[in-house]
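Heads up, the next two complexes both have subunit A, just with different partners, subunit B and then subunit C.
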Partner chain A sequence: MSWRLRVDPIACTAHGLCAELLPEAIDLDEWGYPIIGPVPDRLLPLARRAVADCPTLALLLERDRPR
Partner chain B sequence: MNLLWYSTRATGEVALLFLTIVLTLGVLSALRVGGRRAPRFVLAGLHRTLTLAALGFLAVHIATTVADSYAPITVTDVVVPFGSAYRPIWLGLGTVAFDLLAVLTATSLLRTRLGFRRWKALHWAAYACWLAAFVHALGTGSDVRSSLFLMLAGVCAAAALAAVAWRLAAGGSGNAGLRAGAGLLTLVAVLAVGAWTVSGPLAGGWARRAGTPASLLGNAGTPDTKASTGTTGNTPAPRSTRATPPAGDRDDDGDGDEGGDEE
Partner chain C sequence: MTTGTAAPHTVRLLAGYHALGRRAGLEDHLVQYGAPPATAGAALIQAVEESGLTGRGGGGFPTGRKLRSVAAGRRAAVVVVNAAEGEPASGKDRALLTVAPHLVLDGAVLAAGAVGAREIVVCVHAEPDAGTGKDPQTAVRRDGAATLADTVRRAIAEREAARPAPVPMRVTAVPPRYVASEETALVHWLDAGDARPLFTPPRPFERGVGGRPTLVSNAETYAHIALIARHGPAWFRSCGTPEAPGTALFTVSGVVARPGVVEAPLGTPVGEVLRLAGGPSEPLQAVLAGGYGGTWLPPDLLGLPTTPSAFRAAGLALGPGILVALPERACGVAESARVLAWLAAQTAGQCGPCVHGLPAIAADFAELAACRVSTELYRRLDRRLSVIPGRGACRHPDGAVRFAASALRVFGRHLRVHAHAEGCLLAQWPPVLPIPEEW
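Let's look at the complex of A and B:
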């Protein structure tokens, strides 16, 4: 069971904090909105912090269901 | 005993400074300030960490206030505002600020559980919290007439005001009416607090007018009537006398010794 990040596109207002905290998994597009990549397990603590520190709480950490 | 009294004053003043920095950092975060030198997450981290540090100073500030036996301030006064025997209104504002800060901190720590909208609605109270703390510092503080304290208060007021003004100005086009109202409210607050500061704590006899119990004023009031009002015209309230304390112990200075001398 692994985890994945998801962005709530309505809540996100492109503060960009998440990309500062987790550059390994999050890129910003040219308007400053996050582009989410895979989150390796070793980065989970940082991912949790990015979720907690998002100014608009638009970043979510969810369990990735195996297909 | 003196140590408690000095600790109360010092930690209170440091807490006010920290709250001002925290308020400013909060505004900077809201205004999306940040760059390579000072990344956004650093400002957000400082905002949180310095709040916790301010709470630490407040814990000492409150504990030493209650432990100090000179002023009749009880444990109830720590959380229930406006009920104290000592300067009820101005001490009560400190209690209000503390209660607000406790709520703001708790809701921020539980932000992910609370949801963004509810958290944000509550977090506007940060401005009220700062203002209550500021007026409390001027109304209760015994160092109000010392130039160092006035400088600190001035810097804090200027920083907070600049932050609020910047936020109001940079708010964009939305909510114009709301921002105009907030600006008007800020202006009224500035004028009211400014006029009150000049006519209240900075004017003579504040200790008596602020609601200091008569038992604490008694000894200071007698020399006031005796002394000529030519030099300062200020009531030498017990608290302000101690801003420049004599070598002796505080309690001797306040109650015991003077009564003994007069007899």
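Let's look at the complex of A and C:
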């Protein structure tokens, strides 16, 4: 079972903390909003931390299932 | 808008209009199409599934599957008829509700029975020229003409007088913003008076209006349901293609002899649909298909069949039934830049990549249109077009990017002229693509 990160774009206000905490999987666009890449299993603990620390709770960790 | 003609067997939704030449009242409607059958829920869902009907609002999702998902919800459902046509180049839902309101309402009543709905809501756009600053529900047009909301209310009253509907129906006028007709925006509007899209999931079919499973479908889709209930899935499949069966309405504008709404089987080549609207009135440079979230077609693709798969195979998107014929004399870059500026202004203002990205793309296109072309500009625009899609709550930014990217492809040769010119000689003509006046 793999996991993926997803952003609630309405809640996100471009604090950029997620990219600071998890640069391996998260990049910022020119306006400071996150661009999410794949999350390898070894980064899961760091991904959970980034999710918990998002000031607007806009970062979500979800089971990677086809919607 | 005028309504074009086609061979009789390929005209279904507009058959009553062609026979009558005016809006069909309830009596006219029953003479033309007969009374709707008292089809039991499960049977109608199965008939719609077998018909292969897909949503006519642009998404192209299988309608039968959507009906089944809504019906599977445990709570009583809500049926929403989406006639809040936000596309400036689209007039098909307005035309359909104006000339054949009872076909749409029949479909909504039948769908409500099939999914176990307790309420039907018809959503129309508040009229742009009703802009009195007052409550859009009660605003009156300055020219005194009936609004679309009035037309639908009159049709509902007609039905109530004849035989009370099994499910209450009401009409609501949605703020005239482009993204207000997105399905979660309609749910948000009905629940909280805020016509802006919501983050999903849940999608409306699982949790929509008032937390109930909600069927949101395009007005035209309900009209097809009304005919499938009467004539069955085999009849529905008797025109169109096996994977895109039935007919669809197309709003055709730009340089054609008779701009207006036409009905044609899906799979009809683009050029043939233009011909139903009188054909090009001057040489064409390109055709915009699918509206302002759609794609430009070069003239050598006029033979392309109007099916989602044929368009996909050509790297294009069919989207809703909208075709705009652009003349050779127009500057496609300037036209696209105008539309992109409007699309940027239509953001709901919620998601960063849309709020910041669309104005940035529009500004880049304004540079291209003004012949201030540079390698740096292209590099920046390419990067922006690649990072924006898929990052909004709704598909508005994706559509704007699709439109912009296709403009770069189709007007590539003309862009090379812009790269070496001081100004574009073609930009002197009045614009072809319609933009609402008040934005």
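In the analysis below, the second predicted complex is superposed on the first by the 65 of 67 C-alpha atoms of A that agree within 3 Å, B and C clash if a C-alpha of one lies under 4 Å from a C-alpha of the other, contacts with A are read in each partner's own complex, and residues count from 1 in each chain.
The rule is simple: a residue touches a chain if its C-beta (ideal position, glycine included) is under 8 Å from a C-beta of that chain, and two chains touch if they have at least 3 such contacts.
On a predicted model such as this, the values are computed, not experimentally measured, just so you know.
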{"item": "Overlay on subunit A: subunit C relative to subunit B, clash or fit", "value": "fit"}
{"item": "Contacts of A:Asp29 with subunit B and subunit C, given as first, second, both or neither", "value": "second"}
{"item": "Arrangement angle, subunit B at one end, subunit C at the other, subunit A at the vertex (C-alpha, nearest 10°)", "value": "120"}
{"item": "Which superposed partner A:Ile10 touches (first subunit B, second subunit C, both, neither)", "value": "second"}
{"item": "Partner chain in contact with A:Thr56 - subunit B first, subunit C second, else both or neither", "value": "first"}
{"item": "Minimum Cα separation, subunit C to subunit B, after superposition on A (Å)", "value": "15"}
{"item": "On subunit A, the residue positions that both subunit B and subunit C contact, one per complex", "value": "11"}
{"item": "Complex interface listing, subunit C residues touching subunit A", "value": "198-199, 201, 350-354, 356-357, 360, 384, 387, 391-393"}
{"item": "Subunit B - residues contacting subunit A, complex", "value": "29, 32, 39-41, 44-45, 111-112, 115-116, 119"}
{"item": "Residues on subunit A engaged by subunit C in the complex (per definition of touch)", "value": "7-14, 29-33, 35, 67"}
{"item": "Residue ranges of subunit A in contact with subunit B within the complex", "value": "11, 15-17, 20-21, 51-53, 55-57"}
